[in-house]
Amino acid sequence: MAASETARIEAFSDGVFAIAITLLVLDLKVPRELGQERTLDRALLAQWPAYIAFLTSFLTILIMWVNHHRMFTLIGRADDRLLFYNGLLLLGVTIVPFPTSLVAEYLRHDGQRTAALVYNGTFILLAICFNLLWRTAAVKDRLLHPHADPVAVRRIFDSYRYGPVWYIVAFGLAFVSVTLSIALNLALAMYFALPGRVRQAA
Amino acid sequence: MAASETARIEAFSDGVFAIAITLLVLDLKVPRELGQERTLDRALLAQWPAYIAFLTSFLTILIMWVNHHRMFTLIGRADDRLLFYNGLLLLGVTIVPFPTSLVAEYLRHDGQRTAALVYNGTFILLAICFNLLWRTAAVKDRLLHPHADPVAVRRIFDSYRYGPVWYIVAFGLAFVSVTLSIALNLALAMYFALPGRVRQAA
Amino acid sequence: MAASETARIEAFSDGVFAIAITLLVLDLKVPRELGQERTLDRALLAQWPAYIAFLTSFLTILIMWVNHHRMFTLIGRADDRLLFYNGLLLLGVTIVPFPTSLVAEYLRHDGQRTAALVYNGTFILLAICFNLLWRTAAVKDRLLHPHADPVAVRRIFDSYRYGPVWYIVAFGLAFVSVTLSIALNLALAMYFALPGRVRQAA
Amino acid sequence: MAASETARIEAFSDGVFAIAITLLVLDLKVPRELGQERTLDRALLAQWPAYIAFLTSFLTILIMWVNHHRMFTLIGRADDRLLFYNGLLLLGVTIVPFPTSLVAEYLRHDGQRTAALVYNGTFILLAICFNLLWRTAAVKDRLLHPHADPVAVRRIFDSYRYGPVWYIVAFGLAFVSVTLSIALNLALAMYFALPGRVRQAA
């Protein structure tokens, strides 16, 4: 496969990222059955868990897109293994709106622990997929661009090594406090999304 | 990052704009529970607020796409700060279908003021994001293309300075009359969408 | 604006066409509340109007994409008027899933005439938008590519002149028989989608 | 039509593939109406058929995208017949979320046979569309790139010949056991998605 092969993989992946990130808005529901007690502004405020879940998932997918993007600036060729792991990663990305809905619906209600565990479990799997995809491309420079900057390559290895750890911590934290677990998810997403840290997070 | 970096940012942003603008159609609901009094044509006419909200949001996202597009013809490089503010802008764009649903559902019903405030609040935030994104790129020519036309650059500065003001007026107007506020939104969208004015609106 | 401007307009338009055509599947509803009388296969067969509406709209959007595509192989430059009429056309394209839902829901029920009129009305508007877009580009060769083939240009003028007429006939036919009107829509879509005729239909 | 024509067909097709694959997530429903007996984790586990259907359809669309992609690296030109069969293939791809919903909803309930037959019927039609598209391009090298590798061309002929057979087997199996039929679908999808076999499956 030629270098242009990578271009088509990136274009297809960009499409999936863009659609998954935009479908998240479907979790923001228009409140119904209002009354004297339940005015529209109260009903809107009452669904704050949906906003937290939306914001966290939006930022997380955005960071994943930035990282995917950065990885592919270093990758020069594609093979079947790369296609497979990239497919696995996209599978994870398209799923994200589902656990986001679970958290939006069940945070502060019975079942919130289950929702938080599924949510963090999805992110752990995504972090593992990123590691597998990167190792497929970069171990022994298998598929890297011949002129790929070794410093940038090393930096990605370093950061991806510790990526899954944070989500395992958030996963474990859900057994102690669901609120803390989701708060850690949001904090991670905001921290990595801030400029200047994006680079290190990649 | 190279100039091609900008190309990928534009492609991803185009995807998000295209999906958000197309998802608006989900706010046009097929009327149910018809009867002798409520024929299909009457039921369709009765949901005119949904058409107003759809049209206003469609034109507004379209104008934002044109402006985003025009900005990036002048921007030559990307850095983390640009990625961050572009991400913030896309966050705003993906949200638009939600306040559009609120207006479609609640205009002419209890809660219409809240709906109009959320709607205009979203547009104010979007206008601020556009300013931040542009200033990140253009102040002291930080990331502009070396051959970017200074007249075009100046024109964007001028127009973006007054962009948020109009939405703040529409926001304030909602306290006086919700109908007037939404009418101003529609008028602004149509005015800026008309050919010959798009250029100045950029 | 340079020729590359056209490339971005095409890319954004392609995105909107692709999303609108794929959202049509949301009109194919999973049947609920089955019973002894109403088995799944009977319930699936009973919603044949939804399949007709889906197929007709799919083919119509596909033909519009082919035509849009063909037009832009001849267009070399863009200006604000072109952007405006292209935006108007995209507005029409994103709306298509809504009248499709109406026909899917109301064909063979009360309100089917209204549904067919809205459906055909949308197609008339789309045909008019295509004419306006093409005339903006091609009258006096305003925005055409300097080497655009005059025969291809003439052929598009000829076919677009009669495009709206067919939809006006289908619109009028709805007052006589809704079934015939929708059947004409489907027949037109299949006729123009068939290879060898696409060219003339452009 | 020039070679760049193929580029636009690929871009539009990529968009449709990306959207159809991402819309599948809408079949993963947030469980409602929980109680003491029906906790969130039990309710989530109880909808395993939805996960099977999601995974199978995701992998199948992904493999179809890889194959579509591979075919177009060998195709050098486009004509109306190619556009027509590609359109037919995309029609099939956009439909996939519908039979996926049917299986997700009805597996292990009354109507599961009908759901499995519609599901496999869709895949048979898709396999036939792939054959027609490929034959349009490759018989007598009609539209192939002048330097297309004859070994790669032969390999695609060989594999597409047997593609529909597997889905016909799965279709027939649904009359014996719906569970076995869906299991074969999943097994096929996983087998062809695994690296090293994708190549042969193409």
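All chains are identified by letter, namely A, B, C and D, in their written order; residue positions are counted from 1 within each chain.
We take it that a residue touches a chain if its C-beta (ideal position, glycine included) is under 8 Å from a C-beta of that chain, and two chains touch if they have at least 3 such contacts.
What you are looking at is a predicted structure, and each value in this text was computed from that prediction instead of being measured.
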Report task. Count the smallest number of chain-to-chain hops linking subunit B with subunit D, moving only between touching chains. Result -> 2
Requested in this report: Quote the value, from 0 to 180 degrees and to the nearest 5, of the angle by which the CA atoms of subunit A must be rotated to coincide with those of subunit B.
Outcome: 90
Report task. Check the residue numbers that subunit B and subunit C use where they touch, and answer same if over half are used by both copies, otherwise different. Result -> different
Requested in this report: Could you give the separation in Å between the centres of subunit A and subunit D, each centre being the mean of its C-alpha atoms?
Outcome: 26
**Report entry** Where subunit A touches two or more other chains, by residue
**Finding:** 11, 15, 19, 23, 26
Query - In the complex, subunit B residues that touch subunit C - result: 10-11, 14-15, 17-19, 21-26, 28, 30, 34, 39-41, 44, 55, 58-59, 62, 65-66, 69, 73, 193-196, 198-199
Query - Contacting residues of subunit A [partner subunit D, same complex] - result: 5, 8, 11-12, 15-16, 19-20, 23, 26, 79-81, 83-84, 87, 90-91, 94-95, 97-98, 101-102, 105-106, 110-111, 114-115, 118
